[in-house]
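Two complexes are shown next, each including chain A; its partner changes from chain B in the first to chain C in the second.
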Partner chain A sequence: MSDAFSVIGKRVPRIDGVALITGEAKFLDDIVLPKMLYGKILRSSYPHAKILNIDTSKAEKLPGVKAVITAADTPKLRYGIPQIYDEIRDEPVLVDDKARFYGDRVAAVAAVDMDTVEEALDLIEVDYEVLPAVFDPEEAMQPGAPKIHEVERNIAIVKRVYAGDVEKGFKESDLVLEGRYVAHAQEHSHLEPHGAIAATDISGNITLWTTTQTPFTIRRDLVKMLGIPLSKINVIGTQCGGGFGGKNEVTVEPHAILLALKTGRPVKMIYSREEEFIASTIRHPFIFYSKIGVKKDGRLMAKQGRAILNNGAYTGHGIAVAYYVGAVFATLYRIENVKYEGYVVYTNCTYGGAFRGYGNPQMTFAIETEMDRVAEALNMDPLKLRLINAPVAGERSACGIFVGSCGLRECIEKAAEAVGWGNKWKGWEVR
Partner chain B sequence: MKQLISLRVNGEPYEVAVEPHKTLLEVLRDELELTGTKEGCGGLGQCGTCTVIMDGKAVNSCLVLAMDARDKEVLTIEGVATAGKLHPIQQAFLDYGAIQCGFCAPGTVLSAKALFDKNPNPTEDEIKIAIAGNLCRCTGYAKRKKALLAVAEQQGKEGGR
Partner chain C sequence: MKKRGIGMACLVHANSVRYYYDSEGSACFVKVHDDGLVTVMSGARDMGQGAWTIVAQIVAEELGIYYEDVKVVTSGGTDELPDDLGAYASRTTFISGRAAQAAAADAKEKLFKVAAKMLGANPEDLEAKDRKIFVKGSPEKAVGFAEAVRAHLYDAQYTGHTLLLVGQGSVDVEGSEVPDRETGYGNSFCACIFGAHIAEVEVDTETGEVRIIKHCAALDIGRAINPMTCEGQIEGAVAQGLGWTVLENMIWEEGKTLNPNFLDYRIPTIFDTPEVETVLVESVEPKGPFGAKGVGEPGMVPVAAAIGNAIYNAIGVRFSELPITPEKVLKALKEKS
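And now, the complex of A and B:
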């Protein structure tokens, strides 16, 4: 095939390869504008605390400080992922009532250099009333747990997938297994931190350079959180030094814009590595309660699962992640009778977001571990169990997803051949 | 109080007035506008994106005070390609797809170059040790290694350079 085409099947040099390998490519921090200021966010020292008072007067008097902003300088609008889910908008630009995680955004400073910025942050006095905090989502769902937002039992949302009849499926099964699977948090740690530069002109037009992976999404988000018309914001995505989903999120963009509007000067803000860990989104930690029913010959008959996602302090992409967990559960492996509930639960932890796979790795870990347990209980080759239940192209999964193409069987077979599975597998007794 | 220091960067002599607490990284990026040298971990010497070669040795420029670079010879990524021609290490990184986002690439190229300058035909282990301090999160480790082994093989054939 490769001979028939000039591009398909050929190695093509990367369009930005030479610029990257010679250091010529301009990342966000490589951009310097005339009269540019530097900014940083003051973060909460407590995971859950009412903000009683913020005194910025000492910071404002420090020579070199050009602006200090608090919630009073923001439109106090909440944001989420507006173009997909309007029902959950819980995130403020700067907190106006209370901090909901260690590192929540309390104030922001712009000054002539970073040394002055750091000094000014130390001069802002915040009176906190410390509130009880909760970090475990199952504890957060208990009656009487500290309330993080105005929702019952800290449940931000529940996503459901129901199909077929699971009770019937379990009755017709020869074996029913139950399990609990736990997956931990993970930080993207792209080597280039999050950052943005905002510049304004006399007419209030805003130009924003940002490390984002999703310039158009972030532009819509900024409109929702700042109440500025879309036509006023031009977003330029700079060379992205790794994202992995983490740069789908809004970080310093609204603060850089507000500080630029207040000072009339460009403002650059870049997360420190510490902020990356404390305040940028993470992969949702996950607890999964599972029940699976199978026939002796290995056919899956019914699957029931309850996912509890540790949302952290705000929802971000949590709803979408809970949906995708269910979609994977109901698609891999083939199943007709399925019941899935995904609870997205607030805690006082750093909040979750998009991260390579969007819930897929957590769910796949649980499913594959469970398939091995089923194979062992049936005394069956785990490879055979997967081949029996692997979906094929042309099927529609229980949650309604049409499987347009699928090479899973071929992939499993080729991988088995490559590792010599046939010679290695000697049964469950001689593992 | 700023002090005047002189150093050579990419073969050019520079005189720079620096505050004593400024790092070589800050001077390269902010004063000399050589932004190919990156900052990834915030000056902790953990990520390797700020790697440059100073007097023949690969160093984390975020851990070198600018004052300690006085009268030294520094090579940054901007000085690696000469006369518009990529260095064989750079070419190999492109040929083997050893760059993805590219943020770690300049530092990694310099770590590798410091090795190849001393040892034109290194072993796989020597290559791995030389670039062990350059983190990559796009998981380009295997391709980097392949690219550098190809350079080693090529230079081995040429009997070193």
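And now, the complex of A and C:
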């Protein structure tokens, strides 16, 4: 840490540290507004089912219930997350045709307290026509698999990253290794669940307190979902109890706004832990096929990868995750010949989202295990294999990523020094 | 029998990816008060990672004041805060931090014009440090930071009673582009962060349990604005990574999650989390604030591969499917023998 700086590089205590550890910090659930109602979403009890009819009359008659909303109360808009890739808009605020995963959003209730809300949810009668479902992405890609959205073989999109000539690279290699890897789902498990409070005023302005990581982007998303002008919504991010990418997602915000507009009263909605697991996004489960070609001296000659993303019921971040994985695949080591394709495949599972690493941990699990296999096949120290292929600052990767700064070599050497790799690594024969 | 092994894995990760929006930018306002304290209005979002602390450090450094002199607005809304895409893609320190630096630099430039008149010097010859503005090389020719601020706010001979000293900064990342839709070619990463992890594990060949003894994470963070929060991010990421690798397991039956709670879906506790040794490598990123890069995600990336490689080193079995549960380890050992 440089002495030229006064504050940079210093271990100053966190600005909100004392407020957090003393409990003074106020989280979303600490906010209580006058006349505030509570809300919750009714979720599908089937992974794939047509909605034939929703009867809300009994719920609406329950004392204390102030509003029930279904798809009929929402604008007929579908939304998708990436603004540039606007062609995939597959997600509704509340489902109007069918539920696509166990936990899909069917209706929402606002009432004077949570007990009444829960009772009202039980009183909503939904007629489902259960449809065949598919949960494995490779099965979902087969002809004749249950169709989740109006796309062929349930493939939402294929993102490619390629450069050079992999076939030539494999031919010039002394060793070619192939592998298939399966990386599973993960729940973000932030200790504070998703939540929002929406309030409206007489001029039609909406104030939205939310646990989001991204107030400005969520405001753009809400415009797409609800058709409300951007500047009408003031999004206030409350003290956030962890996100890890999960709070990039819109969850209860549109429902809280619609219920607040319908009742004229503030509405608070917070996910239960169970809803976090079944209805909030997860780390995309991946199947990753890898093929690596190297020279005897360890130089990487060609890399080929195919990722099959279990997208789940909706695309969300799937497109960008599929691209991003290809870009890091092509950038980790110096390589000329790369071919990557990422299939984003619908299934009737809980859907994937942004999660710390954005697909990179899934791919890196595959490719860095393969690098270890390569080192073993070459009878080479795995550190040395990485050092041989490490890029340096000023280079451009195969897919055009400019490496402005790069301390990979130093990281490898310093980590080895810190753990005493030289003493602990006994070669491939010994274990 | 308990067998030990060691394994390593590397990573690259982006700081912000130009993919979603036509801008990857952030903006920031800095308001300077007459007592020399400043309020920062940043769109940066603190979700527990320490973003507000980093923003305050950057503003204090740029203005030559103390960390304690900076207050960050933590309860603002999109109505009044400057725009920021938010806390994702390990972009907050890198881009929101740069916006904060630019806003502070803007306020400093305005203030230096006043201080220069007060000192009879050129603004470009001035420097700010320790709550003072002084002529470079002649620290005795100095005016207090707060004194210069009051002159700026109230003394007509300098600015004409503006009653306002606000710096604004808005940055996008130069040189980054949306990749080609077909080939994926394009400089979409605003910066690259690299790293190497080494895991040491102990495998109980009777129970199949994998215990991570020690995990070393060396990350090229550009520059550590606050080494403590960097370490916190990396340690947390390693814990989350090992949870994913050996503990956390969502069990689905016909699309229904059967274990939607922390009793049946186990995230790591302090008892599962090993000593994490973090090594901060400072490569100084030309585009980062004071050379810094973002460190939120990368610590998570190579954990599973490093653990898997260490398990192979310990027992000679490779796992190509996560999570690596005791059941899978026992089954694999049985098949091997």
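Things to note:
Quick note on the criterion: the second predicted complex is superposed on the first by the 425 of 431 C-alpha atoms of A that agree within 3 Å, B and C clash if a C-alpha of one lies under 4 Å from a C-alpha of the other, contacts with A are read in each partner's own complex, and residues count from 1 in each chain.
In this section, a contact is a pair of C-beta atoms (placed from the backbone, for glycine too) under 8 Å apart; a residue touches a chain by one contact, two chains touch by 3 or more.
Since this is a predicted model, take the numbers as computed values, not measurements.
By the touch criterion defined above, A:405 reaches chain C but does not reach chain B.
Judged by the touch definition given at the top, the superposed model places A:24 against chain B, while chain C stays out of reach. In the superposed pair of complexes, A:274 makes contact with chain B and with chain C alike.
In the superposed model, A:331 lies in contact with chain C only, and not with chain B.
Legend: residue contacts after superposition of the two complexes on their common chain; A:193 is shown touching chain B, with no touch to chain C.
Chain A has more of its residues touched by C than by the other of chain B and chain C. In the superposition on chain A, A:315 makes contact with neither chain B nor chain C.
Contact with neither chain B nor chain C is seen for A:154 once the two complexes are overlaid on the shared chain.
By the touch criterion stated above, A:424 is placed in contact with chain C alone, chain B being left untouched. In the superposition on chain A, the residues of chain A contacted by chain B and by chain C overlap at 13-14, 16, 189, 239-244, 273-274.
Those residues of chain A whose C-beta lies close enough to touch chain C in the complex are 1-2, 5-16, 47-48, 81-84, 101-102, 133, 135, 159-163, 179-187, 189, 207, 212-219, 231, 233-245, 247-248, 273-274, 276-278, 282-283, 320, 323-324, 326-328, 330-332, 340, 348-350, 354, 356-358, 360-361, 364-369, 371-373, 382-383, 386, 390, 393, 396, 399-408, 410-412, 414-416, 418-419, 421, 424-425, 431.
On the side of chain A, the complex with chain B involves touching residues 13-14, 16-18, 20-27, 29-30, 188-193, 239-244, 272-274. Against chain A, in their complex, chain B makes its touches with residues 29, 34-42, 44, 47, 49, 76-78, 80-81, 86, 90, 93-94, 99-106, 109, 135-138.
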